[in-house]
Amino acid sequence: QDASGNVLTLVSEQTTTFVRNFNPFGQTSARYTTLDFMYEPLVVFNRLKANEPNFRLAESYELADDLKSITFVLREGLMWSDGESLDADDVIFTYDYITKFPALDFISVSALLESVEKVDDRTVTFHLKEPNSLIANTIVGMPIVPEHVWADVADPVTFANENPVGSGPMTEITRFTPQVYEQCRNPHYWDAENLKVDCLRMPQLADNPQVLSALAEGTLDWATSFIPDIDNTFVAKDPEHHHYWFTPSSLVSLQMSMTTPDENNRKAFTDVNFRRALSQLIDRQTIVDIAGYGYPLVNDDPAALGELYASFANPEVDAQFGQYGQFDLEAGIAALDAAGYVDADGDGFRDNPDGTPITIDFMVPNGWTDWIDAVQISIESLSEAGLNVKMSTPEAAVWTQNLIDGTYSMTLNALASAANPYFPYIRSFNPNDFGKSRFTAPHWENAELSDLLAQYTQTKDADEAKALMDQAQLIVAENLPIVPIYNSPAFYQYNTSRFTGWADAENPKYSPVVSNANPARLLQLLDLDPVAAE
Amino acid sequence: MSDPILALDNVSKVFGRADKPVYAARAVSFALYPGRTLALVGESGSGKTTAARLIMREYTPDEGRLMFRGAPLGKADSKALRDYRSSLQMVFQDPFSSLNPTHTIRYHLERPLKLHQRGLTAAQRQAAIVELLERVKLDPKLIMPKFPHELSGGQRQRISIARALAVNPQVIVADEPTSMLDVSVRQGILNLLNDMKAELKLALLYITHDIATARYVADDIMVMYAGQIVEWGAVDKVLDDPRHPYTRLLLSAVPDPDRRFDDIRFADELGRIEEIRQQAALAQPEVSQVGENHFFRPMPA
Amino acid sequence: MAFLLRRLAFYLAAFLVAATINFFLPRLMPGDPIQIMFASAGSELSLENLNALKLTFGFIDAPLHEQYFAYLKSVFTGDLGRSIKYFPLPVTELLGRALIWTVGLMGIATVISFTLGSFLGIFAAWRRGRAVDSVISLGAIFSSSVPAVVVSLIMLFIFGYTLRWFPNGYAANPLIDPAWNWQYISSVLYHGTLPMLTLVFVLTGGFAVTMRNNMINLLGEDYIVMARAKGLSDNNVMLWYAARNALLPTVSSLAIAIGTILGGSLVTEVVFNYPGLGNTLYQAIIARDYPVIQGQLLIMTAAMLVSNFVVDLSYVLLDPRLKKA
Amino acid sequence: MTTPVLSVRNLNIDYVGSEADFHAVKNVSFDIAPGEFFGLAGESGCGKSTIAFAVSRLHRPPALIRTGSEILVGGRNVLDLSDEELRKFRWREVAMVFQSAMNSLNPVLTIETQFYDVLRAHGPISRADARARATELLKLVDIAPERLDSYPHQCSGGMRQRIVIAICLALNPKLLIMDEPTTALDVVVQREILQRIDVLRKKLGFAVLFITHDLGLMVQVSDRIGIMLEGELVEVNDAQTIYRRPQHAYTKKLWASMPKLRGEQTRVEASS
Amino acid sequence: MSQLLQNKKAMTGLVILTIILLVAIFAPLLTEYSPVKRVGRPHQPPSWDHWLGTTRLGHDVFARLVYGARVSLAVGFGAGLMITIIGTVLGIIAGYKGGVVDEVINFFTNMVLVVPNLPLLLVLAAFIGQASPLVIAIILGLTSWAWGVRVTRSETLSIRQRDFVKSAEMLGEPSWRIMLFEIFPNLISIVGINFIGSVIFAVITEATLEFLGLGDPNTVSWGIMLYNAQNAAALSVGAWWDLLSPCFALAFLGLGLALINFAIDEIANPRLRTGGMLNRWTRMVRIGEGKL
């Protein structure tokens, strides 16, 4: 360990070269240790504990009863890493700033806001356009930047922010080369007493195999990477210190376009019996085992929530519709027969009950190999059941466009995990988003569901919310607009030889994944303790 | 003498850039008569091939014109041109490159017949090929199916001649047709050309640097130097009484077994090679007549 | 001189055409390049957000010819735009970083394999028909027939994974700061060994075959025979007379081979994760980092042109016959 | 009688083929006396060059000089020389002008270097001395010393031919082999060069083995002539005898097929 | 052709090629497995049931290998043919016609020669997306003809100087006939070398593009096998059979083709020939029948 203190070596992004860019608004271009570690969120919600808030820069927040405003109170005595004080003005400045430069608003939050109001030096109130019970989740996603630095930046979109002034625990860049950079303690960090790590070191590693070899050699303390056959290739190298823990993350589901241009396919896709039979023909376990190396978690919840949102689950769903989430080749075939999907023209493939042919193009982006494998495995059983399904692998961009437009036939689609099942539902089934987002790819709408979801954001009452969500789940499960397959894992590998305090399966205190989509990584960093030098 | 079938009238051809022109042909005039052989001799680079190419219309003259059957050959008139082309054939120097190695002898002789005597039936063509081969003294049966590489140089050259004859030409240009052949075979080819000329009333232009063979086949001779014809006339007259210093130089340089090196030592001309060359390279527009059918261009004193 | 000027003019024209192709390529492809570019960047941006970003990346909604001239102007002023993936790094700088590695890897590999191949070829030709010749010829055929990707994978398997003699990737140990010290240089050499060996293996055969054939053709030349008749030693004739002259056509084949070398180094870099131009291009293609792809093609073309010109130059230097012409 | 400079005895040379061999030279024996101009004539492919190559042992596979052949130069059997001896022997004793002398200069080296090469290969010599010697040699063939800095392509064919001859004389060889040295040149240049050789020969005293298929020329320049036919030496005699009273049928035929420049012109029939 | 059969290198090459060809044709007879069905557990090592083991997905490697030969051969020969035809036609036209036609063709040829080929292909394939073998073959054909034009053109230039072309012109043969019947037959060996060389190039390039992930994953081909194996980190997890099988198949095919190419070169250029006579010669020298 360095004379300067202990150093934690981590990999949160894979790249062939490092570019000095710590612009927290630059989603694709900033270094992945910018958010959370440099720019601390107001609050970190712990998804693993039903969204329990961990207050960071804010010491509290309060949602108005009419759900049309939310007020955050900052901690006392907060300072930027250059010693300037951090107060409500900086928050106000940040939100004005992203309104002025819409390109900065990478979470599209300003669209939800009516105005941002300074109550006092530590208090800020956000006025919303619509009542929204979940707004806190969104607002904390936007980093707060220091006014005294950013006010002078002429073009914040291209600004590289090479010498960041931040609020988080690690703000000082002590070394930067295209191959490695180091980020050390913020001298003015408010929570310094909880911070035992002195520096973060980010070596440049280009791909999974390289991360694997660094992990296997024991040079990395913290990583998030897909590693094939992890028990053999990583853990076995040093079983005492090499560990991993995969938590369920984004949902991967099979989707069909209800508006697909081929009218014959459309007939089948809009028939719930067809969708249910199809769901029964998907061998989820095999897909998980083979395409996913056993890492993902099967999602056989017809309401598409699964393990990730287990605390929200409505037991009725499983009782009524559970069988439609289970792989059962015979049952699937029988269901197709029963619904009249038989081979009418004798070409060896099943046709619509009216005799028109079904020819499905199963689209998956080129290069997404685990998905390609999953599709190939799915096609095997679908073909066995007599359906005419072929895979195509267009460019990701083309695929995205097709999903947005609903012009594809069948595909796999992923939906990021969120704090609340409201988010997957609203993202997938909000008719206002049709043609705008690939998450609405099924182009399936249900007025009753929309209504329930709208009510959901406008109630503060927990029981009422639960009732609404239970009802929503039943509707989704009954109609099966998307066919869940699995939740992909969030990869997390760690090494206990230099630091302890890691979250793991025994102590699932929060999600410890170090990727930049997980603010809870900040909590993990603060929990780490260096192993005393011998 | 009858009318010339083909004549070059003051034809010039210049190569190279303007600041460094190479006169490949300089005011060249001569005529070819049916049944007569004209030999064109000169050292390498003197413009002999250029003259042949001008006749073949591979080069267009920079100056002067080509006369065919007494009329100048224009550009536009394609009928006359086609007529001209089909009455003219060439026998090349290199028997190895003048036949396509990938075709049989039969093919080589069949093509001109197909192109120029369209009316023939297959049987008639066959007969014509046999006749051609017999004419050049080759055994048709044996030769027809062979490929060029299976033949000797002399045989190939005969095929070239047969192919030229297949078109029924009136003029044949032979550019050093025997220089690549062995001594013992040369004679046969020369005799053949002579016979053809006599039998078919061909006008023959025989290009060579070997004055002895020129003497053997030709009726008339022209000596060329630096693109210019420096002396011309009936072959015996020119060779017996050469007037132009370059002609003399050429003659004295020709190997002659009757004269040992020791005997002739440096003949006059050989002692003055460079001088003669330099002078002969200059333009000499004047023509001096020595006797009937013997002319030369006197060099400036 | 005129010869070189003519070549120079050609290269300039070629560069212009390449730049033009480069400009139109993405615009001729199905789909809006900007759309594709940002869609694959993978963000979940709103349309407003996207439009704002487009402008900052300099996508002007001007008529095509204006776009074209703006593009040409920026190309000739050395401005290739900024990378999307590595924003805001200028493409030139990104490529500059990669260029060093590729030039090093390819340059040294080319020099080694050219020298080695030429020597083997000379030797084989000189001892034509003997055992050495057969061994060299067969080896050369084999080496030139195996795809670079196969060789790199097999190398990686044997030396990287099975014997563990060499690292599986990267140009140097990332934990060592780049500096002119032995530690760093040895790390660079150590990491460069496998890709280098791969390239040398792939390239040597071709050079050996070319050289052997040229030599054999040359050995029949009269001046070679005369050199022997003059009583020069065999080595002298072989190297000073034959090889030097056989080198000429080999050098010109080198000009054409540069394209192949570039291709070979591309795959090798990808397999060994070597941070050179090839790998950068590959990564850029995967990420649809348009400015980088365009800049990359242009730089590679320029590199080809420059090396062709260098070959032309050396040709002129080696062959006195061209000096005046 | 003085010992011959070159004495070829029972020379047999094969070109080894993959199945059968081609006997290119069959049992050839002849002598060349010092200072003699010996002509070797015959049609293309009869084996003339093969013999010439054998004398300096310049053959490469698949040529094979059969055991039992002897090539004696100055009494030593060339075929028994070791590699190093052979290297020293070449050019010092036998120099050679090749069939296409135009191409026997290395196109990428200056004329001077090509002189220097040979001088250095046969003994230590400084560059300056080599240059002086080269200048001297070029004078023999009437070429200006400035030419030393030229490249071959900058000289005309005849000039190159003369330069080669000058290089041949660099070591005062006893024998100069000329393999059709003038076929590519026109008659005037050819004559010029041969006369020069003749003069030099008389001045320096080397013997010449002159190979050509131009019989007229051959008779003019040679003291003695050998006629070859398909690998065999069918007739050897002094030039005038061969010309006026040929013995062998083939020789007679050769003469018959030669058109004459002077005198009566008769039609001769020759085989094809 | 008969010369080709006498040449040892050519024979070896032809045998290799024939083996691969037969394997490709009779693929269904050689393996009971489908190349696109899971028939085993992931990454089973070679065994009696699976001669070359299984892939990450549980496909039989051997089955994929034999079926994959079809694609490699088809793309190789298809693209090779296309490259050769374009190269030969343009080369002959440029070389024979000369003048402006030549200038234009020559300019574009040199142009294409200086644009780095593989990167260009990579970009093209990426833009096109999901490049099926057919698409790959077509873009290869359209972008890789330059070398062929260059050699064909220069050879045509020298053949055009030969007198038989002149005499054909003098006989009044139309120029298409001269190009087709007089010049082309003399280019056969050049065209042959160009063809085989292009086939090698196409096979290698197809595999490379697919390996880099620009191919169509539905395809069963050696390049896709490489790609899948690489993606499955076959080397890290020790499944060498997954990666090395297509590697060796490609090397084998490349070797076969290169041998043929080399042999054509030897036959076209007699100086390069070594053959039996040199062996005999060496033997004869050794037993003292003669020397140099």
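In this document, chain identifiers A, B, C, D and E correspond to the written order of the chains, with residue numbering beginning at 1 in each.
The criterion applied here is as follows: a residue touches a chain if its C-beta (ideal position, glycine included) is under 8 Å from a C-beta of that chain, and two chains touch if they have at least 3 such contacts.
This one's a predicted model, so the numbers in the text were calculated from it and none came from an experiment.
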If a chain touches chain B and chain E alike, it appears here: D
In the contact graph of chains, the distance from chain B to chain C in steps is 2
Between C-D and A-E, which chain pair is linked by more C-beta pairs in contact? C-D
Counting only C-alpha atoms to place each centre, which chain is farthest from chain D? A
Quick one: which chain's Cα centre is the longest way from chain C's? B
Per the C-alpha means, the centres of chain D and chain E lie apart by a whole-Å value of 49
Centre-of-Cα separation between chain C and chain A, whole angstrom: 41
Centre distance in Å when chain C and chain E are each reduced to the mean of their C-alpha atoms: 22
Listing for chain E: what residues touch at least two other chains? 126, 213-214, 236, 278, 281-282
In chain C, which residues are in touch with two or more of the other chains? 128-129, 286, 288
At least two partner chains per residue is the criterion; list those residues in chain A. 209, 367, 395, 398
Pairs of chains, among all present, that meet the touch criterion: A-C, A-E, B-D, B-E, C-D, C-E, D-E
Touching residues (chain side chain B, partner chain E) in the complex: 56, 58, 82, 85-86, 88-90, 92-94, 97-103, 111-112, 115-116, 160, 163-164, 167
Contacting residues of chain D [partner chain B, same complex]: 43-44, 185-192, 194-195, 198, 213-221, 243, 253-254, 257-262, 265, 267-272
If we count contacts the way the header does, which residues on chain C are in touch with chain E in the complex? 10-11, 13-14, 17-18, 21, 25-26, 29, 128-130, 133-134, 137, 141-142, 144-150, 153-154, 156-157, 160-161, 209, 213, 216-217, 220, 256, 259-260, 262-263, 266-267, 270, 278, 281-282, 285-286, 288, 293, 296-297, 300-301, 303-305, 308
What part of chain E is in contact with chain A in the complex they form? 36-38, 42, 56-58, 126, 129-130, 213-214, 216-218, 228, 231-233, 236-237
Residue set of chain C touching chain D in the complex reads 128-129, 219, 221-223, 225-234, 236, 241, 244-245, 248, 318-321
